[in-house]
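For reference, chains read A, B and C in written order, and residue numbers begin at 1 within each chain.
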Amino acid sequence: MVGGTGGGETITMSMHESAVQAAHAHAAPQGFIRKWIFSLDHKVIGLQYFFLALAAVFVGMFLSLLMRIHLIWPGAVLPFFGEIKPETYLSLLTMHGTIMVFFVLTTAPQGGFGNYFLPIQIGAPDMAFPVLNMLSFWTTFLGFIVLLAAFFVAGGAPLHGWTGYAPLSALQSAGPGEGLGADLWITSIAIFCIGALMGALNFITTTLDMRAKGMTMMRMPLTVWAWFITAILGLLAFGVLLSAGILLLMDRNLGTSFFVPLVTVNGQLTGHKGGSPLLWQHLFWFFGHPEVYIAILPAMGLCSQLLSVFSRKPIFGYKAMVYAMLSIGFLGFMVWGHHMFMSGMSPYTAFAFSIMTMGIGVPSAIKTFNWLGTIWRGRIRFHSPMLFAIGFVSLFVTGGISGPFLAQPVLDIYLHETYFVIAHFHLIMGVASIFGIFAATYYWFPKMFGRMMNETLGKLHFWLTFIGAYAIFMPMHYYGMSAGLRRYSQSTEVAYILKLLPLQRFITFAAFITIASQFLFLFNLFWSMAKGKKASDNPWEATTLEWITATPPPHDNFGGQTPVVHNGPYEYSVPGAPRDYVMQTDPEIEPAH
Amino acid sequence: MASFSTTATVDAPRISLGDGEILPPVLSGGGDDRSGSEKPDYPTRLRRARLGLVVALTPIFMLFVSFTSAYIVRQGLPTLDPQTNLLVKDWIPVKLPTLLLVNTFVLLLSSLGIELARRQFRGQAVLASARTAPEVSSGEQNKMPWLAMTLGLGLLFLFGQWTAWRQLAASGFYVSSTPSSSFVYLLTGTHAVHLMGGILALFVASIAALFRKAMATRSIVIDVTAWYWHFMAALWIYILCLLEFAR
Amino acid sequence: MGLVLLVVIWLITLISTYFFVAKTWWLPAGASAAAAGIDHHFTVTFILMGAVFVAAQLALGFLVWKYRSDGSSSKAEYSHGNTNLEVIWTVLTAVLFVGMNLMSSSIWASERFRQAEASAVHVEVTAMQFAWYFRYPGPDGKFGLTKPELEDASAGGEAALGLDSKDPASKDDVVSGVMVVPVNREIEVILRAHDVIHSFFIPAMRFKQDAVPGLAIHMHFTPIQTGEYEIACAELCGLGHYKMHGILKVVSQEEFDQWLAAREAEKL
């Protein structure tokens, strides 16, 4: 008999039954469909998420390209698209935001790399619920298709911004695209919520229940901590977004008035009354603020990882890093009102939210100090992953510094809804987080595909994107300081905004170059899959569990064996050790510090 | 700049996802069952499934927390009456159909039913593990159709909810009639949709015997569904109390 | 590579800081009583956060250059951190961030916690897709009733607001497409919206507030400088959001009285 481990249930399995099931568990899938389309293997599912996000980011970038062109040449007649009307600009803006936030920043770092590497980094053979994992990908994919469909229906895509404030988003008559396009937009987000919740379920259960022997919580790599905390944030936040979406669909289609007070549009009463536009904002931002931490935490975890690996030095303050991420996650649920200082919310409530918001800046600052502390006295190797990690720190600092301006309501009176806000969130989410995705790609490509990406192209991609991103988003601070307002499809109507057009021109040209540079990455990615230099199992000489498996890993990750962990994840440059790195599965080092 | 070896000394072609023909670096074998490549044993699978359920119930909980906060906000919200330019409150409580109490009783009965089914299947899984043909249930066990009874009661509950909706509509409260009626339909409807998920799981568990699924697997499915079902019953009580007492 | 990183990071830092210090693109001159305090707090925040920005970026650039690997097999320093340092910089950061916020709280309180004075000039500001209307209560000091079913945006003025001519209080209400106010008086704005959320933003007055349908939001500011100032809509309200702007004219008390009297006379 194979004994169970007790608890309340003393069920044991017969030898026969366990042998039958073991045979099923070991067998890799056969056939193209089971192997690549409806795969239950977390590694394939991770790649599927990655490629979905890759497609989404190029769509999102293309939309922003059209926006940038329209801003400086409003009357331009483009080939194929014709003239971009103001409402079209707004729908481009809406879809750009929605695609990037959901299908890139919430998909690639967590669904993509998290799915692929979380089980391996904790020594597990797969996620806890492989069928659910597969369903979570296809649900997300369906959400993307439904979202894109909004472009092609009568009225086109909605124009209410990714934040979808009611009543603009709740009234079919409030503008072009607010008909079927808006319903598809809400539906797609609801579908995405369900897919994200399914994914979060897997991440949390797997991390809690499937760690290999010796892999205590405090020996987990910071990437795993980041994915774990991100999943908890998602678990708590996406249900609220789903609820808001349901209420909005009811207001739009069933005549309820959750969000819509008595209003007239184009002189017509709409039949709604008594609803609260602020209720939408509260529900949306209760989700929306944790969402931005969902977008950045995996990149923070990876940055910690890469700075350590490529400085050949343990992460500075592992425990502090863990507590900082936990604090960011926890506090992230208490600051949503800072998006609503000007909304008509009580000023006393605003004050409370602003104090909490300043508080959440503290753990972020701690992380930044610790990243610098990791590099200090290291032996830095400047491979592409490291360049993007260093770039991440710089961009995170820049994007983070504008936060305390916006967190103070007195200053937010002026800065709210200006380009200063756009600069802030793009630098943190749109660039720093994306640098996390790039870094992850260059770092884990050898493990996923068995080949190295081209270093020269990688370095070129880094420099063009790093300088290009600053060139795009730094001037937006100045534009915002001059009261340049966001979501304006053109600057021709307000005199003081028109005066700022030279800044917009500079930004647009910087965007042309930066967007073009991304094709270097795309080329490098696909070319290296076929023709890149073959990679060893551990080309970066790193210590975490993914580097002890084969390259690429076999179906059950560890070839039928279970790793046993004796060390923490950042044992580099251990005095007295034969090499400058000690694998997590190597014999335990004596605690020195 | 340090250069380090990336010499990939590849002797044999690497296969990506096939059965392991490559031997990875020597790992310490053994360790506990927590993440072994073999299918984990019954207690582990049960624990994992129950953990998954607790995690899954969290967003459902948050969904109803969110609806509750919208309910409370809307109840107290004054709106600008253009006739008088004053802020007035426009909340009209809905009289809930008495049928809802009957439905509640039906649901609680079904909760009892599924709890009996859960224990029944656990017993059968114990017996099954002592035999070599685990799919075939032995003759000695409890033959009461608790599962079928739960399924029937669950469907009866849903039918009762639908009838209650029609009663509401007949007395003039449609989904868009008043803010309070919107919430009645919203809360009961969302609950019903989630209960349907539970019914689907029960249905799949019921016919799983036809597919010769191992008794251990079926027992775990019933166990998790039972806890889900109890949560749905508790949630229903909460919704009923909210609508009835927080008017 | 370390040196290139240092140079690029330092250059980006110094160039961008230059444009902030030189105020090449900056806030317009403040023209309200609150502006001085707000602008002062802007400066404090800029200096503090600017110092942190420069220090962090210069440190990053320096560290990646100084600790580049020299190709030898020597190891890095084996350190898992320093708890004392962690405590010190945590406390310092918390004091800096929270302290800075508390410094601004008195301005926020005076702007937002306090109601307008009884002697303020009342202007009702109504936002609709895509225009601003301004209503003055006239000698009776009361705003007449408006009814949504009477709204006719194409007719402008009173009709756009749906002013109910049957209400005696509305007889002396003046509706204008331009906002005219006297200098050095507190102005109470009552913000309303007909259709979707808009936002009333006057950069020179450092004033912004969302106009939310279903609410009548009371705010106040005190212009201290005569002149014409642009008003821009600062909340996405539909396809015409970019052209929903208005003009604020701050004039002397006499000019204001004359203007208002002339508008009242026109109604007769």
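Going forward, a contact is a pair of C-beta atoms (placed from the backbone, for glycine too) under 8 Å apart; a residue touches a chain by one contact, two chains touch by 3 or more.
Predicted model, so just to flag it, every value in this text is computed and none were measured.
Viewed as a contact network, the protein chains are fully connected, with every chain touching every other. Closest to the protein's overall CA centre, chain by chain, comes A. Two chain pairs, A-B and A-C, are compared here, and A-C has more C-beta pairs in contact (counted per touch definition above). One finds 47 Å separating the Cα centroids of chain B and chain C. Rounded to whole angstrom, the centroid-to-centroid distance between chain A and chain B, based on C-alpha atoms, equals 28 Å.
Distance between chain centres (mean CA atoms), chain A to chain C: 30 Å. Residues of chain A in contact with at least two other chains: 261-262, 274-276, 379, 381-382. Along chain C, residues 1, 68-70, 148, 162, 214-215 each make contact with two or more other chains.
Across the assembly, chain B contributes 1-2, 79-80, 82 as residues in contact with two or more other chains. Across the interface of their complex, chain B is touched by residues 2, 4-7, 9-14, 16-18, 21-22, 24-29, 35, 41, 43-44, 122-125, 128-129, 197, 200-201, 204-205, 208-214, 235-240, 242-244, 246-247, 250, 254-258, 261-262, 273-276, 279, 282-283, 286, 379, 381-382, 450, 452, 533-537, 539, 541, 548-552, 554-556, 558-564, 585 of chain A.
Considering their complex, residues 1-3, 79-80, 82-85 of chain B touch chain C.
By the touch rule above, chain B contacts chain A in their complex via residues 1-2, 4-10, 14-20, 22-25, 27-39, 41-44, 46-48, 51-52, 55-56, 58-63, 65-67, 69-70, 73-74, 77, 79-80, 82, 90, 122, 125-126, 129-132, 134, 175-176, 179, 182, 186, 190, 214, 216. Of all the residues in chain A, the ones that touch chain C in their complex are 85-87, 90, 159-161, 165, 167-168, 171, 174-176, 260-267, 269, 274-278, 311-320, 342-344, 347-348, 350-351, 354-355, 358-359, 361-362, 365-366, 368-370, 372-373, 375-382, 387, 390, 393-394, 397-398, 401, 404-405, 407-411, 413-414, 416-418, 463, 466-467, 470, 474, 477-479, 481-483, 485, 487-497, 500, 503, 570, 572-575, 580, 592-593. Against chain A, the residues of chain C that register as touching in their complex are 1-2, 5, 8-9, 12, 16, 19-20, 24-28, 38, 41-42, 45, 49, 52-53, 56-57, 59-60, 63-64, 67-70, 73-83, 85-86, 89-90, 93-94, 97-98, 100-102, 104-105, 107-109, 111-113, 129, 148-149, 151-154, 162, 193-197, 199, 201, 203, 206-210, 212-215, 217, 230, 232-243, 245.
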